[in-house]
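You will see two complexes here that share chain A, one where it goes with chain B and one where it goes with chain C.
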Partner chain A sequence: MTGGIYALLGLGISLVFGVMRVINVAHGEMLTLGAYAAIFFGKTIFSGSIGAIISAIIITSFAGIIIASMLFRPITREGSINEQQGLVLTLGISMFIANAVLAIFGPDYHSVPGKITSGTIYIGELVLEGQRLLILIASLIITALLMFFLRFSVNGMAIKAVAENPDAAMASGINISRIHLLTFIIGSVLAGIAGALIAPVTYAFPAMGFDFTLYAFIVVVIGGLGNLWGALVAAYLYGIAESLSVLWMPSGYNALIGPMLMLLILIFRPHGLMGRSIERT
Partner chain B sequence: MKDNEKLLLRIMIWIFFAILFLFFPFFAPNKFIVHVAIVGLSFAVLAASWDLLFGYAGQISFGHAGFYGVGAYTSALLAHHIGVSPWIGLFLGSFAAAILGALIGIPSLRIRGIYLALTTLAFAEVIRIIATNWHSVTRGTLGLSAKPYPGIEFHTTNYYYLMLTLSVISVGIMFWIANYSKVGLIFRAIKADEIRCQSLGIDILRYKLIAFAISGFFAGLAGAFSAHYLRLINPGDLAPHITIFAVAMAVIGGTSTIIGPALAAIIIHGLMEYLKVLGAVYSLMAVGAVLILFVIFLPSGIAGHMPRKWIGLPETK
Partner chain C sequence: MESNENILNVEGLIAGYAGSDILRGIRLEVTENSISGIIGPNGAGKSTLLKVILGFLKPRAGRILFSGEDVSSDAPHQKIAKGIAYVGQSRSHFPSLTVKQNLRIGAYLEKNSSIRRKREKFVFDRFPILFEKKGQVAGLLSGGQVRMLEIGRMLMTDPKLIILDEPSIGLSPVLVDIFYEQVTELRKGGSTLLIVEQNVRKLFSVADKIFAIENGKNRFQGSPSELTESGFLSHLYLGSSIVPKNNGLS
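Moving on to the complex of A and B:
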């Protein structure tokens, strides 16, 4: 279950980094936005849970459009964004969104009314909560859709081209700023869906985003920044490792696994377990 | 204006600021404002230490909360368990943070840019999680009460002058190292072109470690001071928002100036406390928004748009 959420987040961060060369520190805040959109619209206009997910998609894609076209475009020079400028910019965005959510909805924990499925499912001796199984299946479907999109659609191939070599992509007539916009929207929507899916299970609170940003970084670093398949494998492995670690580690300390793993991997393999050496080429 | 008049104006402005800072407790309307100024001064040291590392040595750190918190915890834990005086703890805390800084600096030989930012962030998080869970020593999220400084207990004005002295000395030392010393020159050279530096026979690792250690030392100093001034520390002092605050102050103030981040930290901390009338949430939102605007419209910050001579920087280019 957690693996699926990490996969959605990790794919978004990895995609945005691969194309825009920006570490999006505000990625977790998109998850917060998605979760709160699901809560707000799920309680008012669309009283169904499908409606909650759709409203999360709409809100986060809207936020993605605003951020990419109004905030990233001014600092984009000839199709590339200064690494450090982009990092600090997303830091500001993260601070703004987290506190804006806090200002609007207050510090209380919210729960989302309608889970898509309720009850438990038995598979042999395994007991699963319906929503958790749903998260897993939904994340697998979304991942598959994304991979198909990147591989077979024109826009998807353009995204991959820009990630591979921005100059050559520009020379072949690809509109880089449009691809940046598209990529950022996809990344944001992935995080937003993750938020809408996880809110019914874990409750939503304004500062939830940063923890998820950190987990997503861990996953992405293990898989190699910009490497989508790496992020995917790492997300499920890390989700499983984290859940299993409760068995032999005192809870609380098991939070150490992620940062420690990330630290070790960065020290011994600076470009991630499956990452290629990008900077040296 | 003629050069003489310019110089006179410059000196007048500096004297004005000197008087403002020196006699602040006397014309401040109440104790709370002095308290805000003290915390602002400690953040000034933190922001300046981040700028030394990023603006001069070119190493991006997302782990400054780790240095700050380790300074605070070292001093407070020594006082709590062994009864070390906070005066000594102030320096032991800074040294502990400096050693930690050097340790974090080691991977910086291989790791660059974004990867280094993530490494330092992971380092700070590891320390925070340990501090949260090691109840028998740190009392976890309950927080640890720290002793006040013997001799000046509970006297805000005394604390103000202590912090003013500490921060003026710290920022002064960092300013001198960064702009006028040989080490600072090498820092800037490493930032400009690391490979060329190496080919000129400069021991890059050594200077990177020095940069991390100095930066860690002063961030730890700010933390150790705050611990005994606020008299309560908890793992929140190690949380990423401290780092975010340091980065925001440095960028708004203008990186590669030391003075800019320090002044911005004081001003913005003051403004944030002032805006708390509206609600703490809005002041944080405002800082986020201001940070975004600065990155887009004024990427070199406030100090970056002032004449370099005015803030005492050597002329370049």
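Moving on to the complex of A and C:
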């Protein structure tokens, strides 16, 4: 299950970095927004998990639109975003969102309604919890949809084009700002969905985004910066490694698996499992 | 001069970066169905000029007229939509996409799929090797094939004005000849081209009019033969002390 969540996060951050060359420190905060949207709307307007996910999508895409069109555009010159300013900007956004959530919802941990299934399935020796399995399936479906979109639709191709060669993309008539906007929305929504998905199985608190931002980074570093398939593979590997680590590690230390893997990769294969060196004209 | 008959008119262009001016009042006139060339030593402002024409850089003063319409402050994608096409110095294609996808991106703005198919067929007819390799990832193509792909991608935008930035750079002499054959074919087909070139000899063999630029200003305009006869070339590139009497400024 965690692999699936990491995949959604990793893909989002990889996309945003690849296309916009922005390190999105606020990525985890999109997940926070998704989780809180699921809580808020799940309790009041929409009941049930589907409604929670939809509300997460709406809220995060809204946030993505505002951020990309109002905050990123002013620092975009000739189609590229100033990287230092982008970093500071996302840092500010992440602090803003975390504190806004704190102010609105308070510091308490919230649990979330909307478990679709609460059963467990037994396959031979394995015990699979229903909800977690659902999360895995949902993230696999969404990931597949995303890859499909990128590969076969014109705008998906345009996104890849802008990531690879923004000048040639502009010369083909692609509106770079619009593609930035689209990419950022996709990244944010992916994180938001992840938030809505995991909210039922864990607690939501204002600072939750930070951990997930970290996980997202670990995943893309392991997989190779800018390489989407790498992020996918890395995400699931990491998820599995983390789960297995409880077998041999003293509990409480398994959060170290991520950084450990990242360190190993940086030492032995710095461009990631599947990354190539990122050359941009 | 007749500014409405020309495909492109650049008047009094002043532009630069961070406080300094690279272009100091440039003018250009490009007539329809012709090949115009821009030459000049390094640092003369040729790349900056192209950047401004294409919309990558905003001019501080002056105008750019495209078929009479003022496009001075248009963004690049707007100019592409109006029919200005561009093949740059550094790679102007997408190595991770297939040949077919590269061409598809070229036709990004065209919503009508049958028009897109027609343009694609035109490109494949002109470059059969691209058709052979249409499913291949562009990163695996040879240097000459990449150049063809870049022209193909550019043709997918159905351009009225084709701007080429130092097209012979990095090409072997054989490929340069092949490339310029294509340029001549394009003109025969009715296209208008504006070419920035270091390979002056090759450019002179196809161009109708040449604009020589130095230090951000026009130094000479005329046909290739006028330019050669005036002895201006040696001044321009070698800094000789021969300054031509008739410098062709009209």
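The rule is simple: the second predicted complex is superposed on the first by the 273 of 281 C-alpha atoms of A that agree within 3 Å, B and C clash if a C-alpha of one lies under 4 Å from a C-alpha of the other, contacts with A are read in each partner's own complex, and residues count from 1 in each chain.
In the analysis below, a contact is a pair of C-beta atoms (placed from the backbone, for glycine too) under 8 Å apart; a residue touches a chain by one contact, two chains touch by 3 or more.
Note that the coordinates shown come from a computational prediction; the quantities given were computed from them, not determined experimentally.
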Partner chain(s) touched by A:169 [first = chain B, second = chain C, both, neither]: second
First, second, both or neither for A:15, with chain B first and chain C second: neither
Touched partner set for A:267, first chain B, second chain C, both or neither: first
First, second, both or neither for A:142, with chain B first and chain C second: neither
Residue contacts with chain A in the superposition, chain B compared against chain C: B
Which superposed partner A:154 touches (first chain B, second chain C, both, neither): second
Doubly contacted residues of chain A, that is, touched by chain B and again by chain C: none
Complex interface listing, chain A residues touching chain C: 78-79, 154, 157-158, 160-161, 164-165, 167-176, 281
Residue numbers on chain B that touch chain A, as the complex places them: 54, 60, 107, 110-115, 117-119, 121-123, 125-126, 129-130, 132-133, 240, 244, 247-248, 251, 279, 281-282, 284-285, 287-292, 295-297, 299
Chain A-facing residues of chain C, complex: 54, 56-57, 75-77, 80-81, 85-88, 90-97, 101, 104-109, 153-154, 156-157
Chain B contact footprint on chain A (complex, rising order): 23, 71, 74-75, 83-85, 87-89, 91-97, 99-100, 102-103, 210, 214, 217-218, 221, 225, 250, 252-253, 255-256, 259-260, 262-263, 266-267, 270-271, 279
